[in-house]
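The structures considered in this document are given below.
In the two assemblies presented below, chain A is common to both, partnered first by chain B and then by chain C.
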Partner chain A sequence: MNIFKKEMKANVTSLIIWCCAQVFIIYAGMMKYQGFIDSHVDMSKLLAGFPKEIMVIFGVGSSLDLTKVAGFYSVFFLYFMLLAAVHAVMFGAVAVSREERDHCADFLYAKPIRRFQVIMPKLIAGVINILIFNMVTFGASVFFISLHNNGDGMFNQVSLTMLALFILQLFFLALGAMFGAVLKNTKLATSVSGAFILGFFLISVAVDLYDKLTFLKIFTPFKYFEGSTLMLDNQLSFTSAVILLIVSVIFFALTFFAFNRRDLKT
Partner chain B sequence: MNILKQELRMGRKSLIIWCLSLAGILVLFMLIYPSISSQLEDFQKVFKSFPIEFQRALGIADLQLNTILSYYQFPFTYILLAGAVQAMNMGVAVISSEIREKTGDFLFVKPVTRNRIISMKIMAVLVQILITNAFVFVAALITVSILSAEPYNVKLFVLITSSLLFIQIFFASLGLFVSAFLRRIRTVLPISMGVVFIFYIVFLLNETLKDDKLGLISPFGYFDLSELSKTMNYDSLYLLLWFVLVGLFIFLTFRLFARKDLPSI
Partner chain C sequence: MNVIEINQLTKYYGKHRGIENVTFSVEEGEIFGFIGPNGAGKSTTIRALLSLIHPTSGSATIFGKDCIKYGSELRRDIGYLPSEVFYYEHMKVLEVLKYSASFYDNVNYTRIQTLADVMDLDLNKRIDDLSYGNKKKVGIVQGLLHEPKLIILDEPTGGLDPLMQQKFFDLIRTENKKGATVLFSSHILSEVQKLCGRVAIIKDGTIVKIENIRDMQKHNYKKFTLEYSGVIDVHHFNLDGITNLTLDKNTLHFLFKGDINRIVERLQGQALLNMLVEEPSLEEIFMHYYQKED
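And then the complex of A and B:
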């Protein structure tokens, strides 16, 4: 319990900054939505005239209508994924390896508790942190959407989107924690985690760009959920969710395993 | 001079990795170009018939897809993103590492002024940025020249590629300022990656919205590549803003660091 509290306290400032940035992005995006719809273009009629392949290639589902608040908001999902991924992966990487970096590992690990009793509260603190980040995103989204949608916050669709976001956050937390446990020090763990995020993002860009690269889709979590299917069709891809959760569990297990046999620097 | 040399020696390994990966990403993306160039021309015709709001929403307004440079600016946006992370990393790490690794007691008691130490360290960051840029520039030049069947606009190529230098200097000075401002930095990458990604998302958001005020927030917007290919020059207002901000960050770094209370062992 003490470790959990300590971990929460160590991250409170950064969590507040992250949440503020997220709220600002939602605010800035939705504020300008008003100006965007004022242009009065009937997009759905227009899109009906184009061949479906072109729309698919460009990542615009035939149903995506940017003048509707749901369609506009679904574009945000990419931004949420990027920010949430950076937040979660860095949390995981730092939380596991922090004591060695600060040279206080001999203090913590000499306590009469087993190693997994140290890692467990740290990871629970990580889950709570990403959950708070998720909830703040959720609250800000519903609030700002309702401002522009005659009071209707689209609670159901947004909660589904947030569920998908949470699964992704969990995945990235597990990824970061695994690197933190396996790699030598914090610096290396954060660097590798950062490289993975940039790599995942670039793969997702390349997949959009060139249709022969579609097979790469399974390698990047950023392509597991699509904002438009979540917000418009109200569907969460079951297979994607299961794959991500299973991989997360594997990563968490590896974290425990690697950490138990880790040679702690003192 | 010793400080400069030592910094360069310590940063050598990560500099090599960064140079190779930046150039690698760029070359890989450019290699897609021959296979989709005919497709791009078809897109071009379709896109031109879209209403302007929709073109903006997709980020394809003013897009000329039928030359190699119009494609080149697309992967280069991601080089700017990655390069910004690298530069900010260096900026934040270069001073704060002395305090973090408890080597401050060794360095700051040497008979050199703090300002001199800072200027040497800034020089080291600048040299590393220049090396990165030179490397990326040459890699890009070779790739574009090989892939392009017909002659391309060299001035535009230089303008696009040099925007990396401006973006990197901006983020490096921002990083220096952050490291002088915060009392103690334990881990560098979460800070630099967080800041860069937030700026990048503000820029992406503004691609859709085209709001002038929002455009001032994100340095990525100062060197908007699609604007570049239209005007064939950097926007003078943004360039001025860039100069002012970089100058301010560097000034504040010296100022704050000169009075900073440095923790010792």
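And then the complex of A and C:
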């Protein structure tokens, strides 16, 4: 319990900042939607003028109807995924290796506790942190959508989107934790984690751009769920969810295994 | 009964040597010195005992139990002061100590205040505002507050002023009298001399010698200083038992271990200006262990 509390406390400021940023993004995004609608410009025609590459990178690659609030909001999913991925992966990587980074591993691990008794509460704190981040995203989304959608917050669709987001967050928390346990230090763990997120994103862009590369889809978690499917068709890919959860469990297991065998640095 | 038993303990960091075949044991109730220069492997040995690192081969037991397998259970009764003291920087001293205490059952919280008073430690300061010596004090208090049966101190006196060192030694002696066994690592021989009964000397990752301090100091070694009026024939003192022989103009210094009459025999017929026979300090006795072989 003491380690859990300590980890929650250590992350409270960063969690607040992340949540504020997220609320602002949703607020600003939905404001743009209002601007969109008010300008009465034919969006599909305007967007058709942009090169495909640009559209893909901004997450509006597929033929979405951006004039509908659900279609517009579904574009956010890409940004949510990116932000949530960075948040979760950093949490995992730092939480696991924090004591070694701060040179107080000798203090903590000389206590009468097993290594998993340290990692477990840290990871639970991680799950709670990503859950709070998710819930804030959820609340802000429903609130701001309802402002621009005659009071309808699209509760069901957003719930499903958030469920998909949470599964991704879990995956990235596990990925970060594993790097924290396996790699030499926090700095290396966060750098490698960052590189992986960038890699995943580039693969997802490549998949959207070139049909020949569709087979790469399985290698990037960003392609496991599509914002449009979630928001417009109200469907969550069961297979994707199961695969991501299984991989997350494997990463968590590897975290425990690797950390148990680790030679701690002073 | 042996509280610590280390058997052929070896640790390699990749190809880099940590320690090699370290073997020694610490008996219940003794203050055992563990001495050697920086980088000799003192901390490596200690950190393996606490299962902070995993040995490459060999084994170590504490209270008769394997220190890796029963690590968490054993650590209940171990108080450890790391050589490099670092704590969560943004915490206050009292918070760190309470956090530390929260890992043990039945900790007497008034002991935090008692120990802090003895060590003259301000509990309300933030860790990152403390000097090195004051951080050491935090380390000492957190290492002793759960009244451990085994106290492991890794270079504990760095940064403490002489008065504090004295108070700290008194504290350790008190705990020892109450029944605690102490493993005291240091590279400063005089402090080991003050406190310890037996000592293991480690050099380049291997144990060079394990000795009873008082025996070796009182009964074995004598420090000779001979001042000559004329030329000194160094070969004259080519005797077994002579170490650390140095020649400084007309003065000859050496340590001698053995029958003193053999030195007296050699001195007959020599033109001496002065002669001193003294108890050597441990520094002098151990100097040859310290000097790296080429």
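Methods note: the second predicted complex is superposed on the first by the 240 of 266 C-alpha atoms of A that agree within 3 Å, B and C clash if a C-alpha of one lies under 4 Å from a C-alpha of the other, contacts with A are read in each partner's own complex, and residues count from 1 in each chain.
Everything below uses one rule, namely that a contact is a pair of C-beta atoms (placed from the backbone, for glycine too) under 8 Å apart; a residue touches a chain by one contact, two chains touch by 3 or more.
Quick caveat, the model's predicted, so the values are computed rather than measured.
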Which of chain B and chain C A:Leu254 touches, first, second, both or neither
neither
Return first, second, both or neither, reflecting whether A:Lys6 touches chain B, chain C, both chains, or no partner chain.
second
Mind working out whether A:Thr266 is in touch with chain B, chain C, both or neither, as first, second, both or neither?
second
Is A:Asp102 touching the first partner chain B, the second partner chain C, both, or neither of them?
both
Chain A contact check, chain B vs chain C, more residues touched by chain B
Tell me the contact category for A:Pro112 with respect to chain B and chain C: first, second, both or neither.
second
Which parts of chain A are touched by chain B and by chain C alike?
102
Residue ranges of chain C in contact with chain A within the complex:
13, 43, 47, 50, 52-54, 71-76, 78, 80, 82-84, 86-89, 99-100, 102-104, 142
Name, in rising order, each residue of chain B that touches chain A in their complex.
21, 25, 28-29, 32, 35-36, 43, 46, 50-51, 53-54, 57-58, 74, 78, 81-82, 85, 186-190, 193-194, 197-198, 200-202, 204-205, 208-209, 211, 214
In the complex of these two chains, what residues of chain A are touching chain B?
14, 17-18, 21, 25, 28-29, 32, 35-36, 39, 41, 43, 46, 50, 54, 58, 60, 66, 75, 78-79, 82-83, 86-87, 90, 94, 98, 101-102, 186-187, 190-191, 193-195, 197-198, 201-202, 205-206, 209-210, 212-213
Could you pull out which chain A residues touch chain C in their complex?
2, 6, 102-107, 109-114, 117, 261, 263-264, 266
